[in-house]
Amino acid sequence: MIGLLAKAGLQLVLVLLVAPLLSGIIKTLKARLQTRRGPNVLQSYRDIFKLLRKGMVIPETASWIFSATPYIVFVTAALVGLMIPMATTDAPLSLFGGVLAVVYLLALGRFFLALGGLDTGSSFGGLGSSREMTLSAIAEPAMMLAIFTVALAASSTNLSEMAKVAVSQSWKFLAPSQMLAFAALFIVLIAETGRIPVDNPATHLELTMIHEAMILEYSGPYLALLEWGASLKQLVLMTLVVNTFFPFGLSSDWTLRGLGLGLVFYLIKMLLLACLIVLVETTNAKLRLFRVPELLMVSFIFGALALISTFLF
Amino acid sequence: MILLWLLIVPLAASPLAFFLRRRHLMEAVNLAAFAVLLCLAAALGVRLLRSGPVSVWDGFFYADALSALVVLLSAFVALVCSIYAVGYFRHDESSGVFKEGEELGGGRAINKLREYYALTPLFVFSMILVALANNLGILWVAIEGTTLASVFLVMFYGRETSLEAAWKYAIIGGVGLSMALFGTILTYYSAHQALGTDTLAGLNWSVLVGNASQFDKPTMRLAFILILLGYGTKAGIAPMHTWKPDAYSEAPVPGAAMLAAGVLNCALYGLVRFYILSSKCLGQEFASHLLILFGLLSMGVAVPFIFASHLLILFGLLSMGVAVPFILVQKNFRRMLAYSSIDHSGIMVLALGFGGPLGVLGMLLHMTFHSITKPLLFFCAGNVQQQLKTDLFREAKGGLIHSMPLTGAAFLMVTLAVTGAPPFSLFLSEFTILRAGFSRGYLVLTILFITFLVAIFSGFLIHIANLVLGPDPGLPSAETCRWKKSSVVGLALVIIVMGFWIPAPLFRLIQHAADIVTSGR
Amino acid sequence: MTFLQDPEFGDRIITLMAALVLVLQIAAVGQRWLVSSIRIFAVQSFLLAAIAGIIAYFNHASHIYVAALLTLILKAALLPWVLERLVRRIEIRREIEPLINAPLSILISGCLTLVGYVVAQSFYHPEETSVRAALGHNTLAVAIALFLIGFFTMLNRRKALTQVLGLLSLENGLFLAAISLTYGMPLVVELGIFFDVLVAVMILGILVFRIREAFDSMDVSKLRKLRE
Amino acid sequence: MNTLPVGATFTLSVALYLVGALVSLASWRKPALCRYICCGSALAGAIFGGFAAVFEILQGTPVRWSISSGIPLFAYSFDYDALAGFFNLTLAILAGAVSIYSFSYLKEFEGKRNIGFFGFLFHLLLLSLTIVFTAANAFLFLIAWEVMALAAYGLVTFYHEDRETRRAGLLYIVMAHIDAGCLLLGFALLMQVSGSAAFASFRTAAVHLSSSQQAVAFVLFFVGFGIKAGVIPFHIWLPAAHPVAPSNISSLLSGVVLKAGIYGMARIFLDGLGILPSWAGLLVLIVGVASAVLGVLYALMEHDLKRLLAYHSIENIGIILIGLGAALVFRVAGHPQLAGVALIAALFHTLNHAIFKCLLFLGAGSVLHSTGTRNMEELGGLIRPMPVTAFCFLIGAVAISGLPPLNGFVSEWLTYQSLLAGFGATGGLTRILFPLAGSMLALTGALAAACFVKAFAITFLALPRGAKSSLVREAPRSMLVGMGCLMVACLSLGLGATWFLHVFDALTEQLLGQRVGTNLITGSGLVLSAGVRHGGTVSTAVIGIGLLVLLIPAVLLVSIGTRRFASRRGPAWDCGLPGLTEDNEYTATAFSKALRMIFSVLYQPRREIQTVFDVSPYFPKAIHFESEIEPTFEKRLYVPLKDLLLRFATRMRAIQAGSIHAYLAYIFVTLVLLLLFGVRP
């Protein structure tokens, strides 16, 4: 029991620290690719701490849901962070929540974020919530198919089991089903974390913003929590993609040496994935809202093909 | 001796009512006569269960379980109708319904009533005679008697439409019964070949049933066809049913109820007698095929009629949300009852056609419960007609539950009962018929049977629910007459109780009757 | 006078009369005058009574005499008189024509006679029956034909009175069938039937009168108000 | 285990319902007294019914007894086994909550409506449901089935003044009678093979059923129970009938009466028809998926609160059928363990759906009670005047969307696990069906979440949209207590799911011959596993605790800021316009617009805008906007069928055309034909 708590505490600290760093890196990488200097990598830490110390303005029309939403978003993202294998194959809480629990906990966060957006009574919140719920609904089946493909290999939805099986079968990721599943999950990752082709995280233009529109009215510590929660969610999803499809370097136990080595490999893999995302973001323009379902339909087709190819090849 | 009393009581009531002139006395005579009749019928039933068939005048009048059942049902229907008739005619008199008849040469109101109270006992007398007559010729004469007595009932109001209905009733009835007479002659001929006796007993059923197997086969086949057509016309089986909607919508409600519940039983009783003879002579196959064909035909004809005439098609309801659902309204709820009774006669003939112990038991159960349930349907329709002064759905704005709560509730309940909804007794008989159908292997026919039942249930309920439920149109409360209320509530209670508990002697009587039909003892 | 006892002679006479009845019936089908169709009915009834009398005489069946007498009084004399009186009192236009034109309806009644024979042959084999060939056996086919043509006239005629006549000729057919098959039904039944026929005709007469009052014409095809 | 008084408590509960029905009917003149009698006796009946169910589940062995009925040939025989116990438990929980809720809900009936008649029908419904779940012979089952339909019809048309209610009620009773007809035929077919009406004889005779008879019986029963459960092609009556009923009744209708269809399928498919072929299971699965997806898609477009909840009933019934279909397929493929998991998923979701759907309907009822309207476009901002109702509705919404840690998530998780295992366990091409069903289930879950964000936010959050929702009071106390109990049930079933699984041991053993319930519980009673070694595991308890524990650092972080500056209340950003009014808020139609565009193939949306202007179109006085989606099932399937029957009926009416010559001709032709038919040698 104590070992579990220690591992959970360590993983929590690790997750909380790496998340803003990762989003900072992505921002700077994107700037560099667009031949701009871009903000310092630690800028997101500074934003969060600045916001934490600022005063807060709550809209008159808002109810207790508006103030409960930041906590729920942050807490669900953090809890999910404890369930996924980062440096080692067995994540602290993996026994208590498989990949389905991860997906649905993120859905819980999104549910309350949408409610928070609508609670302000302004049309931006409604706009953001409507688009967020619609797109996530379309993305769900594709994500589920991809997860099913991966889970079938390990015949279990438990993330640690999946990681262990993936590690034991080397070069497994070259199998066509894994590749197609990776493609499907990558598109869903873009959609879920609100990256360019689906949603532009850096803008307040009502035509294009989805995630930003919901957190428009938040300020001060609440905004900090939401930002931190969003980056946590991004970290979780990227880790999920990385550790299920490219599992090498995951150490099997919590020894200091294994942990350190695992961590280094983990950071390198995350950096590579970040580069891939940034590359996609800079080369693509934002899709019109009613073109996004077609993109997600492509991801659904990839998922279905991945599933069929598991027992065809 | 009971048999003689059963015949004398109604026979005596008719002239007595005719000469008493004053309405109260006539009603009293009528009620008393039929009450005594019901007690006698019950006594006959009990005695019969104890000591077997009763006969008097060396077999001229013969009563076995089957005839005792029909007598009991006819007496029950007559009593209930007479109770209702008191209230009904008082309301008719006060609302001046007879005026139109008077201009067309009909009698004044008071001797119209005398005519009714004189004719009804004769009508019941001939119904009882049908059940008790051992001689098939006398059976024919008795059924002809019921027709003649009821022609005046149909012609009662003397309107143009009543004359038209009476004419059609008389002519089609006459033709039907002449076919039945031809069938009786042929039966007598085929029996004559076998028995060789010329005496009266030559046509007695008790004698014939003993050696029915030696009858001449082709003659019996023709005889059964003619009997089926003849008595089928009286029972209102399709395609001979065309007189029923006109006669039932024109006759006064108590008369129509007796026609629907009484004459139907007598006609089917006659049919069953010959069915026993022909099934023993020709074997099960021939008769039942014929019966099934006719049974389904009349249900089939009745269904579209209940459909057609109400145009309440089951799926019409499902056009929710689309434009206003097209419900072609049956113009007249009195005619809807007629089609319901055509349907029930079809069910009974179908049950008889399925045959076997279950089929016949189902038919007799259905006959019993139908005779108990059907009059209430007519009474409620009568109350509604007298309240709304019309029997057209268009002119009824609905919401009757507010002005006549008792009749409205009874109307809904009896609609469910008549169409065979489970908590009520008719479901029991239809379930038995269904099992009979399956056990004889008629899978497709039984599915058709259930589809017709479901269709009729929905057609019926849609109209009655629209009639009874709905906003309060502000009509004056019409539940004033004690007689009408007591007959409706009393009959409703009987129907509810029959759903859960059937008196044991009645059920034993029905089983004995079923044994007679199946084994022809 | 021996021929009075000779069954052969009786048989011939009966067949002749039955044939005559059939011819009259077919004539009545195409008839254009109301009064003459009543008279045809009267003659038919008379012939039937005669047949019954002859059968009773040759087969010494006493109760057929009663039936013959009743037919003679009722159907040959009383009913035609009543009907003619009714016609004279209420009907101005005596002239009637059938729904289906005369030649076609006569052709149809011919076919019906054929059907009558086919039905009679199917079940009535007088030759091999054990009982000595009773007199008047071949009149069954005529009886069935009479029954069917009577039914057809009811179907074919517009006037209420002619429908009543059709019904009566139908009854005649039955009476003939009863005599030829089994020397008539038991007496009580015979009486019952006569009584019922009489009451039926009386009621129909009242109805015709009331319809004449209400619709001021005896044309039954006007009775079309009660639909669906 | 000493024999617990199952029979006694059951008969007591039935007696209470009977007495309650008669007494409330008798005391209809005094509404106040009648209200207490009606709700009191229903509550007592429910409590005893619940005890009987719990005793039966603890005891494990079925209790059988029969009473001789007044009707010969047919006895009233009862068989209280585990399946009956489980469904009676569901009925008891809901009946209890609804009767508490009705204490004050019926107060508004006092002057206007006949409470005695309502009480009579309410008790009749509960009584007939209890008997349906415990009947042991087909005759009693059919009588109780139809009495349930009639009582529900009476209750649905309780406000029979307005036309919509009457039409919905008639549609309900006609469809109910069709399914009763199908069941009648199905039972008659079985009785013909088994000889007697008892369910036990069906079990033994199932082996003699020829495959064609079994197929016909399966189709008849599936159509019959499918209509009652509101499965997709036959769902037409459900969105019409449930909204018009009084709210406490529509919650009971959606909660338990729909489950009578599910009970029937479980009883007959698993117990009565022997081993069904695999195509039957797949058919149930496919119909389940169709109902789930189409149910939620139609629900999204509704802006009438109770119709939205009615469509969600269709969706959840679809999810239950997915579990049931999977169970049937596994059973015939020879995996009783997996069949057990799938069956537990289906039945657990039946219980969960009963609870949170009843909670949501009661919430909608109290909103209707306070504001007088069901139309979401006129509601809004109700969370301030009605905080408790809002909280209960929120818990219900989270549960129905299947979000952790509540009970909806647990049963959907079990369904996912059985579908996942399905891919491995079955062979051939049908294997692909299971994961596809899984992805459709995910789509349904996400769309349900979107729908309930809309329902909750538009009704309760931000500014009140219409006059009706501005001056509003909180629902009376007993309604809140009723909803509270169900909310607590949701939470406890969610967090304590593992303790509840023992209930299914006896049930799965009786139906599938393998005790499945307890071996799904591992990790010292905290963790729920999928029964497969190293299979997926989840523990809602730990998730719940985790969420609370992680709340502490979050609160600490926020307190840094709030310690320095108190949070102030200011107007929301209005782009410089003169202040936000309720017109700027998002409406329900707008919220679902994106999905309407994406699924326009299904909806065929139709939009109409008329601008009323006097000078120029650019300065409109008023804009009339109307948008409508096409009810495909009515338009494509039911209306054409109706017109076909209508034309046939109109042609048939010509037979009775009034001319006596025609009538005589019919008889004449029949006579001649039959004579010739009779003549042949």
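Letters A, B, C and D mark the chains in the order given here, with residues in each chain numbered from 1 onward.
In this text, contacts are C-beta pairs under 8 Å (C-beta built on N, C-alpha and C of every residue); 3 or more make two chains touch, one makes a residue touch a chain.
Since we're looking at a predicted model, the values are computed, not measured.
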Between C-D and B-C, the pair joined by more C-beta contacts: B-C
Central subunit by CA centre of mass proxy: D
Furthest chain, CA centroid comparison against chain A: C
Centre-to-centre distance between chain C and chain B (centres being mean Cα positions), rounded to whole Å: 32
Distance from the mean Cα position of chain D to that of chain C, given in whole angstrom: 71
Length of the line joining the C-alpha centres of chain B and chain D, rounded to whole Å: 44
Between chain D and chain A, distance of the C-alpha-averaged centres to the nearest whole Å: 35
Shared interface positions of chain B, touching two or more other chains: 167-168, 171, 175, 218, 222, 245, 308-309
Of all residues in chain D, the ones touching two or more other chains: 653, 656, 660, 664, 671, 675, 678-679, 681
Chain C: positions in contact with at least two other chains: 119, 122, 151, 154, 220, 223, 225-226, 228
Every chain pair in contact, whichever chains are involved: A-D, B-C, B-D, C-D
Chain D contact footprint on chain B (complex, rising order): 167-168, 171-172, 175-176, 179, 218, 221-222, 225, 229, 233, 239-240, 242-243, 245, 301, 304-305, 307-309, 311, 313-322, 325-326, 328, 399, 401, 416, 421-423, 427-428, 431-432, 434-435, 437-439, 443, 446-447, 450-451, 453-454, 457-458, 461-462, 465-466, 469-472, 500-502, 504, 507
List of chain D residues in touch with chain A within their complex: 381, 383-384, 390, 394, 398, 401-404, 409, 413, 416-417, 420-421, 423-424, 431-432, 435-436, 438-443, 445-447, 449-450, 453-454, 456-458, 460-463, 523, 526-527, 530, 532, 534-539, 542-543, 546-547, 550-551, 553-555, 557-558, 560-562, 564-574, 580, 582, 584-586, 590-595, 597-598
Chain D contact footprint on chain A (complex, rising order): 12, 51-65, 70-71, 74-76, 78-79, 82, 93, 95-101, 103-105, 107-108, 110-111, 114-115, 118-127, 129-131, 133-134, 136-145, 148-149, 151-152, 154-158, 161, 216-217, 220-222, 224-225, 289-290, 293, 300, 303-304, 307-308, 311
Residues of chain D touching chain B in the complex: 69-74, 139, 142-143, 145-147, 150, 157, 160-163, 166-171, 173-174, 177-178, 180-181, 184-185, 188-189, 191-192, 236, 240, 631, 634-635, 638-639, 641-642, 645-646, 648-650, 652-653, 655-656, 660, 662-664, 666-667, 670-671, 674-675, 677-679, 681
Interface residues, chain B side, partner chain C - complex: 104-105, 135, 137-138, 140-141, 144-145, 148, 151-152, 155, 158, 160-161, 163-168, 170-171, 174-175, 178, 181-182, 184-186, 188-189, 192-193, 196, 198-200, 202-203, 216, 218-219, 222, 245-246, 249-250, 308-309, 331, 335
